[in-house]
Structure formats: structure tokens, C-alpha cells
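Letters are used for the chains, namely A, B, C and D, taken in the order the chains are written, and counting of residues starts over at 1 for each.
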Amino acid sequence: MIINKHGNVIENIKKDGFKIGYKIHNLVSDENLTYQAKTTGLAIIELSNYFINNKPDIVFVIADRFETIAASIASSYMNIPTIHLQGGELTGNIDNKVRNANTCLSDYHFVCTKKSKQKLIQMGESKDRIFNLGCPSIDLAKESLTIKFEKLKFFKYTGVGSKIKYQDFIVVLYHPVTNEIEKTRKNIRTLFEVINDLNMETIWLWPNHDLGTDLASKEIRSKREKNKTNNKIFYVKHFDSIDFLVLLRKAKMIIGNSSVGIRECSFLGTPAVNIGSRQNNRERGRNVIDCSPNKSDIKKAVKKHLQHGRYKCDYLYGDGESGRKIANQIIKFKGELKP
Amino acid sequence: MIINKHGNVIENIKKDGFKIGYKIHNLVSDENLTYQAKTTGLAIIELSNYFINNKPDIVFVIADRFETIAASIASSYMNIPTIHLQGGELTGNIDNKVRNANTCLSDYHFVCTKKSKQKLIQMGESKDRIFNLGCPSIDLAKESLTIKFEKLKFFKYTGVGSKIKYQDFIVVLYHPVTNEIEKTRKNIRTLFEVINDLNMETIWLWPNHDLGTDLASKEIRSKREKNKTNNKIFYVKHFDSIDFLVLLRKAKMIIGNSSVGIRECSFLGTPAVNIGSRQNNRERGRNVIDCSPNKSDIKKAVKKHLQHGRYKCDYLYGDGESGRKIANQIIKFKGELKP
Amino acid sequence: MIINKHGNVIENIKKDGFKIGYKIHNLVSDENLTYQAKTTGLAIIELSNYFINNKPDIVFVIADRFETIAASIASSYMNIPTIHLQGGELTGNIDNKVRNANTCLSDYHFVCTKKSKQKLIQMGESKDRIFNLGCPSIDLAKESLTIKFEKLKFFKYTGVGSKIKYQDFIVVLYHPVTNEIEKTRKNIRTLFEVINDLNMETIWLWPNHDLGTDLASKEIRSKREKNKTNNKIFYVKHFDSIDFLVLLRKAKMIIGNSSVGIRECSFLGTPAVNIGSRQNNRERGRNVIDCSPNKSDIKKAVKKHLQHGRYKCDYLYGDGESGRKIANQIIKFKGELKP
Amino acid sequence: MIINKHGNVIENIKKDGFKIGYKIHNLVSDENLTYQAKTTGLAIIELSNYFINNKPDIVFVIADRFETIAASIASSYMNIPTIHLQGGELTGNIDNKVRNANTCLSDYHFVCTKKSKQKLIQMGESKDRIFNLGCPSIDLAKESLTIKFEKLKFFKYTGVGSKIKYQDFIVVLYHPVTNEIEKTRKNIRTLFEVINDLNMETIWLWPNHDLGTDLASKEIRSKREKNKTNNKIFYVKHFDSIDFLVLLRKAKMIIGNSSVGIRECSFLGTPAVNIGSRQNNRERGRNVIDCSPNKSDIKKAVKKHLQHGRYKCDYLYGDGESGRKIANQIIKFKGELKP
């Protein structure tokens, strides 16, 4: 298992009843552009060593984060059958390169949408190795429907900024774009101005550890310290997945460039304003309005969503039964490598 | 530059007038299945460090050897425009996974055949980033035409086995197949029996350092030491590229599973017997007869070629002007990353 | 050159007129106890590769930070003559282990005190390979004497906390102690209370990136955010070396556990209160009062120093001409490895 | 556990009733001088990761091979109490640097001789952390006394060269000297000539994988292939430890530069001719005659031993009960780090 410093992935895995066999600490300090490459290099070295000690029957590689390619390289180079989840989707960044490379290195593909399956066939993957089983993230979204918002213990999430009452609130989640670092600062500023003007309760999530995080954090911190904010923004680093989904279910809207606005929110029906190129080309449902990272565009999109309100549930990325289907499918595999 | 222990790549590069900026020693001992992964992991770590020190405008990644992905990962993760050579070709092995992953990670593609271009377009690469400039290896094949066989100093290549006169000889080059290790030993034995029966002068090249090399070397050595060979086999570890091509030009035939039989020999017109799955699906010209790794099949193919003799020159993989075209094209790039 | 994220070492090196040949980015994220080991492992891998490319005549290893052993391992394992600076000193921590291991791996020793030379002889190092040339850090201390305090641009050092006037101020520099992490938080609290009660202008320096830094930073930040401080503490991350020395020359006292209080301040004559075990056994002059990390002890020591005022210059760690002596000595070496 | 490619260490460990928790494959290809450093770097990275997953109470570091420092770095940097075995001995090479560095990094010392204990005290290690429990290798030597030579299955050790009858034989074991590579070839030649002239049955062991092995192997192979040998030399790569000791017990003499001639053979009473600097300064008993690597010196030493015959058992390196003593001592530790 590859570890990063954000969130409590490990706790979540344990909560789901899995035993963690081995943790790999491979995160190189993100002081410059080498860190993604070096983090990946370390992961390959240590994963391959773990694999030869523990001889997994199958390796399951997820999505498109930069370090995931470490798993698909280690397993494919060691002749271990490899499954890749979320292949065939389209985004607008290094994620795209990584996701497609993962596809090429993998032997089986669990895709999440019909279009993704078409894409993989076009790329040359064999039809009988591609399975559209939906995205497990939608399972969680489905589970979140069973949880009462009022029962959630949001107070346990510490953050900085204003205390909010979680009424008529919006959620902001904006990640730095890896190869557009220079623009990130500007975009965060713009986004901040929009939110400030909007004057609604806002939960602003700290971005993940892609390059540029420090930049983003600084920008947010600077605003906060200069008291240039309205009194309705609460900055928080992390929500447990399920709690975040319950939050989104209740939110008036999500603004930013996270995939959650497109994937989980399509199922939840939460309006999403998707800014900039990060999610370019990703399949989206009715709940998404795309806009460029400029102030008036974002405002226009926000207004439109506020007028419309929440959307109907859309099965675009799965029906919430993906986990079960995946487990059933893996059992059937005889584990043959791609010819 | 990534170093391996076989051959004198470095000398060749210097001979071509290039200065070597930095050498990376990343080869992990090939004692077990982890070595390809770990060798790659080390290369990523060191290449990225070199890149941030020397800020290359462009990174040029070649073909499909397992460690090439280290270059495409380091460069793409550091937002350096990446060119991949030989994308879109098809073979039957881990090479395929690596080559396609390299394509996905790269921003520009210099392909070698028309079909390869079609394949990349299908994979989703943008047409205007794909350039069919032929394969530089054919340039060398063309150059070899200008060299008189009689002028070559083959005596400088030390080896073991019998001394041969380089008359009516055949060339053998058989690489282990990574995910069919168990079969490799058997196939080498079969091949040896064919060659022994054929009773022609034979130059047998040591395989490269893919996993299983030791296996192959042992098998060859065992035969040799037991004197179970005819007296016409000369085992040699390495030829300088150009010398090898002159040798092939003169050879009656090449037998094995190397790409050289398909690529360079299509241009040279040298008959090639291609054994087993390693070159599966690679585009081939008239000079190639494919066969399974069994004795009678190989013998049949050999016989057919001996009857036919050499073939006409085929431009399938380029016209021998690829290097010049590539240089001209690189100069034109503005170095934009794939969107 | 091995890089870390604190301070602007690189700028300082350039300012001194040296060209930086190569930078190595080897810092692993300090999320847990593996980071010092992994950072060192990466440094060994990359330094050895740099060494074989650039074939240094001699490698110069400095002091006792954990990653310095990477240099002495890479060079000694590659038969490159290795000089170690600051061997034979005594402290109370992992630094001790690293410093002595560096000594064992090195061929020449540039020590800074007479006692250190004795210690190395006892350890079995050959007398004629040990040179007491003083500590180059004292050269800087000497240089600082030529700079007028009033000319310094302290305003360029941004920090948080109160603005101070640099009059009758004290300096605090307290590093976490690696194998006493659990106590670090407590000690910082105690120290804070002392400073708060003392009610003098205080410049508090952020600790370096040894394990536990986050802990320290949090503690400081927590105090600051709760406004539980007097209005005379200014927290700052970094001073340029020379500026820091000018500051110390002027300071009423330094409090903490940094070696600077013992080394440079012996030359400068600045009173130093040295807390806890981190500098245990390090040779010290009259300017140092040691105390345990408890409130009354620290207060007593502070009081004593305030009564006494500054001390006379002491040549214990060198006379400020070390750099010149070192350069002259290196030139003379024929570079023979230790037998 | 760190793996290398020579011998069957793993099998031996299992035979002794231990379960192997994890294997680390860290051996970098020994194509040039970087390999020892890089092999060590990789080991540090992977060992530290294993340590944080499995939290050992104590780490036990053995002797002075270059990669052993990886264990003492990983454990000391992670505050794990570290025991070092065989500290305080003296040899004439990089081994010396490594052994002493291991001492400095370790918290407890299990030495094998009285002089070693004195040496460690001189180096500054605390007397109550040093335990002279003898060398476990002598336990094996003692065990070998209980095994009848006639019962041994030496025929299972395949090698090349002549078949021998194991009567009146001598044993050769000569390791390359790391920082005298250039001389190694010459010395092996000289040694070969001596052995050839001696005309006794000889078992020549392949050297271990220190740098220069290839050199040595080539030299031996070259002799062998040119049939320039008498017909009494049998080259073999490996003996199981215990079998090797039984062999030595019976041998007329051991010639070379291995520590076994000095350590185990002092207990066994086997005459040893020790050539060159590799074992310089190591404590030795009456059974050892030292000589320079020149022909007449070696011959003189051989002659003297032949005249004298076997020596009496000497407890210099232990009485054969070391293992038991070590186990009993470890149990008593509370695991406190060196202050």
C-alpha cells in the first residue's frame, strides 16, 4: 500500500474490514518538479520487492494519480495480472497520460462508463478484457443517501476561518493544475473573490498534494490572515469520504475542478460548477456547468445553478453496486496476461 | 543516459560525434523478477534529478525496452515535452505494454510505418503530433550498403566455439521471452538442434539482458562444453551495429526472434526466419517467414528461404533518411505539451 | 550537492564565488521515522552516480547531520579520498553516531579543537591524518565583527509575531531532540513560559528539519494563535549566516540547544544558556551555562548571564582563519586512502 | 533480510529453524564502482520501510561487509537499539571503515576477542555495552568436529577443473582487494603459479561478489581454458558452511586472504598462509603465516606449514559456545539507545 500524508486512507481501509499487509512510505518532499517522478521511482522499487515476497495473484490499480503507475509497472514487469479501474476516461492533464499508460500496462479493465469501454476498444484493448462495472465511488454516494445529515458529526472536522451553520452552503474544492502552476495562484484569487461576493456559507477544502499545493495553501492563508474574507468561509483539510458525500448531498452546489463534482455529484444530483481545464473531456451529466477561470463566467454558472436547484439522479458513472460486481468479476479471473 | 552492461553503446554515441552529458548506472542485478522494475525505479529517480539540473528542452524516448518508460515518466511528470520513437508498432510481449505506455506519456510521436500512424490515431493521439519519418535503424542499414564486406574486421569480435570463414553463413539471434521463461530453455535447445543439423557456418549472438539471459547463456554454454555441436558455430556476444548490418547483408539468412530480422532485414533483403511469439503482429515484409518454435517448422522455413535466396529492398520501415528528417522536425517544435 | 528545503544554502554558496556542479534532490517527506534513512539512501544512490561521472579528487564531508553519511559512504565505497570536518567532537544524540561513523569512513580529518584531535587518535585514526585547523564557522564569526549592526537589513527577514526594535534582545534557537520526541513539546512549552516571563525582546528561530519539526512549529504556532504571548516575540524561519552572527554579537544572550551558542558564541563572547542533552559533552568555553529543561533552572541561568554580560573572545573552536588553512592543506594532499 | 546472489544463505537460515520474514533484493549490478554504494542505498530505503512496518525490538548487524552499514543506518536513524557483532577487529581495507562505522552507529557490541573489547573502549564505547561472547562462526567450527569427513557428500558440489580424491589436499580462497583492483589480477596469477608448482590436490573457491570478482573469475577461467594447469585443481563456487569447515579440518592447509584462515582455522588448527593486506592487523594465532603476494614468499610459507602440520586448537575467537551466550544476552537487554 502506498501512503501519502493527506487524509486517513488507512483508517478508512481498516474500517471497511481489510487488513493492511504492508505500508510503503515513498513520498518525496514536494519542493520541486522532481518529486512526482522520484515518489514514483521509490514506489516501484518497494512495490516490486513486496510483490516478490508476497506473490499477489492480481494487482489492482486505481485511476490516474501519478504514483499509480508504480503499481502497474511493478506488476506488469513481474508478470502479475493487473486490473486497472477507471480506464478510458478523459481529463485534461498529466492524469490523462497516467491513466492511459495504466491502461496499456494492465491486463484487465474495469471501466465506469459506456464511452470509456468504447475508448479502450479503440486503443486496442481486447473487448473481452473490458468490464463496465461502474465506479465504486458511486457505491459510497449511494450509501450516503442512507445517512441523515443531522446525524453527522461535522464538528469533528477542525479547520480555520469562520464557524458555519451548514445551512444553504456551498462547497469549494479547487486543485492546482500540474502543468499550469503559474495560473493556479491567479485562479484561486479569482475563485476567492467570487465566493466572497456570493456571501453564502462556504466550506473550502484544502487541495491535495499535487505540485502547487503549497502555493494554493499560501494563497488561502494569506487571504485569511489579511481578514479579506467575508465571515462565512470555513477552510478544512479533510472530510471522511462518506461524510463529504453527505455534505455534498445537502450542499447547494460544488465549485472547483474536482472530479467529485462530475462523478459522485451526477449520482447525487448536486449542481457543480467546473472551472478550467482539469476535468476537460470527462463525461458529465446535466448537473455540471463548465466555465473558464474568470470571474464573470463563474458567477454566471453559479447563478444558473442556484436558479435550477438540485438535479435528478444520473447513473452515468454507475448504479452504486460496483463493489459487489467487481468482487464477483475478480473471482472469475484465471489471471491470464494480455497476449 | 541510461547504461546497461551489454555492448558498447557509449562508444557508438561518441563515434557519432555526440558528447555524453551524464551516465546513469541503474542496472539492478538480474537475479529475480524484481530487476526490471527496480532498474526502472532507479532510472526514474536519477533521470528526474538530471532533468532538473539540466533542464532539457525535449526528451527523446526510444521504442519499448522496459527501462525506457523511466525516461517518459520522468519527463512527462516534469512537464518536459517528450518525443517517442517507434510508437504504434505491435509485438507480442511486455514490450507492447511498454511501447504503448510510452506513447500515452509522450507528446510527439515519430512513427516508422503508415500502419503505426493509424494505430496511434486510433489510440487517441492527435494526428498533428504524429510524424511518420521512418526508423533511424534503417539509416544504418542504408549506410551498411556502402561498406565492403571484405573490409570488415570481424576478427576483432572475440567469441567462443568454432572459427568460421564467413562464407555461406547464417546468423542466429534468439532472445528469451519475458513471460515465457520456462519455454525459453526448450526453444533454445530446439533451435540448437536445427542449426546443428543444418551444418552451415553459423554466427550465434548472445541474447540481451532481459530476464532469462542467464538461462540462455547456460544452455548455450552447456552445449558448447559438451562438444555436442558441429564445428561451424561461433558464439559471440556483440557486434558493432554497423558491422552487424554488413554481416546481415552478406548472410544467407537470420534465424531467431529479433526485430532486426523484420526491420533492418526488410530493407537489406535478408531472409529471416522468425520464431515464436516475440515479434507477433509486428509489420513485416516479404523477407520474413514466421514459424512456431518446433523443429520441423523451423526447418521448413529455413529450406524455403534457402531456395529463394535474398529479397528486394523494402521501404516498409523507412528509406534510410530518417535521422535527417527527425532532426529537421525536432528543430521545428515549439515544445507544447499534449493538451 | 545535497539539498534540503530550509534556508538558502545554494545562494550562500554562489555568493561565496563557487559554481554549483550538480544538485541532488533527495529529501523524503518527513511524515515518519523512515525519512532520515530514506533520505540518506537516496543521497547515496545519486551521489555515487555523480561521483562516477565527475570523478572528484577528494570528497569533503561536513560534521554530523544524518545525511552527511551518504557522502562518506559513497566516496569511501568508491575509493575516493574523503576528508571529514569536525570529527572528534562530542554531543548527545544520533549526531554523535553519525559524526563518529563519518570519522571511521574518512581518510583525513580536519578537527576544530585540541581535544577532538586527542579523541580521534584514541579512536585509532592515524596522527598524521588529523589536522586541527579550526572550524570554518568561526571564520564567519570573525567576519561578522567587521559589520556594523546598524547597517544590517533585518527588515528583510519576514516572520510572524511582534515587531521588535532589536534593542536588548535575546535569541532563542531550540531544536527537537531526535530520540526524545515526546519531551520536545513539553520543553518548548517550558521555554516559552520562561521567555514570556522574561519580557525582553526575543527573536525565536524556527528549528531545522530534523524529525519533530512539525511538532515544534505547531507548538509555537498554537501559542501565537492563542495570543498567549507577550508582545515582544518575533518568530522567524531563517537568517543568513552572517546576519545571524551579527545579531548574536549584539544579542544579550542566546537560549536553546543549538551548537551556535557553544561554537560561534565562544568566539563572539555571547552568553549562552544551553538546555538539555543535545549538546552534551561538546567542548564549551566560559560563555556557556548548561541547564536542564526545567523552568527554574533556565531562569537561574538566564539571570546569571544577564548579571555578567558578554564574555571575552575564546579561540576554543578556531581563530577565524580556518578556511584559508583548510584550502592550503587540501592542496598538499596526494589523496592516499587510509591503509 | 538482505539478499545476495552467492551461496544459499536463505536455505541455511531455514535449516537452522528460523522463519524468514522478508527478503530485500537490493543488489545493483556490479559493472562499476557505484555498485557497492547503490546497493547500500537501496538496502537503507527498503530496510527502513520494513522496520517501520514490523517494528523490531532490536536490530542485529553483522561484521563488516559493505552493505551491513545499511542495517545500522536504518536502525539507528529510526531509534531502534542496534547490536553489532565483531566490532573492534582490525583488517586492512574498506571492511575496516565499515566495521568501525557500524560500531559507531550501534548501541551494543558483541565482540569476539579480548583485544577487540579494548579497542572499542578506546574508541569511546561504554564498557558496559561491550560483551566478549566469542564469534558464532567458531560454534560452527566446533560443530564440524562432530562430523566424520568420510560421511560428507562433497560430490554434490559441482565445479570445473579436475576431479580430486580429497587426499592430502589444500584449499585456496583468495578475495579481490577492493582498493587494489589493479593488483588483484597479478596476485591471482602468482597464486596460480604457486599452486601449479605445488602439485597437490587443490580445492579453489570462487571469490565472493566484492568488486573485482569478474576479474578474478576471468583469470581463473582463462587459466583453465588454456589448460595451463596441473590436473589437480578443482574450482568450486560454494560450499555449505559446515561442509567447508569439515573440509578445512581435513585440509593440509588453506592459502589465500580469507578471514576463515585466521578465525575458524585458529580453532580448527588448520595451517593458513595469509597473503597480502586484506587481513592486515587482524588478530591471529599460531596457525597463520603471513606473506606478501610474491611467489617465493608464498612458497616459503607453504613449505614451513607442510613441515609443521596441523596446530593445536586455539580459543582466540571463541570457545564454540557463542550462539548460546548471545541469545542469553539479548534476552537481558532493555534496549536502551546509547546516550
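The rule is short, and it goes like this: a contact is a pair of C-beta atoms (placed from the backbone, for glycine too) under 8 Å apart; a residue touches a chain by one contact, two chains touch by 3 or more.
Fair warning: this is a prediction, and the values are worked out from it, not measured in the lab.
Using mean Cα coordinates as chain centres, the one most removed from subunit C is B. Taking each chain's centre as the average of its CA atoms, subunit A and subunit D sit 54 Å apart. Here the CA centre of subunit A is 42 Å from the CA centre of subunit C.
Touching two or more other chains at once are residues 25, 32, 34, 38, 42, 45, 49, 52 of subunit A. Shown here, the protein chains touch in all possible pairs.
Within the complex formed with subunit D, the residues of subunit B that make contact are 3, 5, 25, 27-32, 34-35, 38, 42.
Partner subunit D is touched in their complex by these residues of subunit A: 22-25, 42, 45-46, 49, 52-53.
The residues of subunit C lying in touch with subunit D in their complex are 32-34, 36-38, 40-45, 47-49, 51-52, 66, 69-70, 73-74, 76-79, 92, 94, 96-98, 100-101, 103-105, 119, 122-124, 178-179, 277, 280, 337-339.
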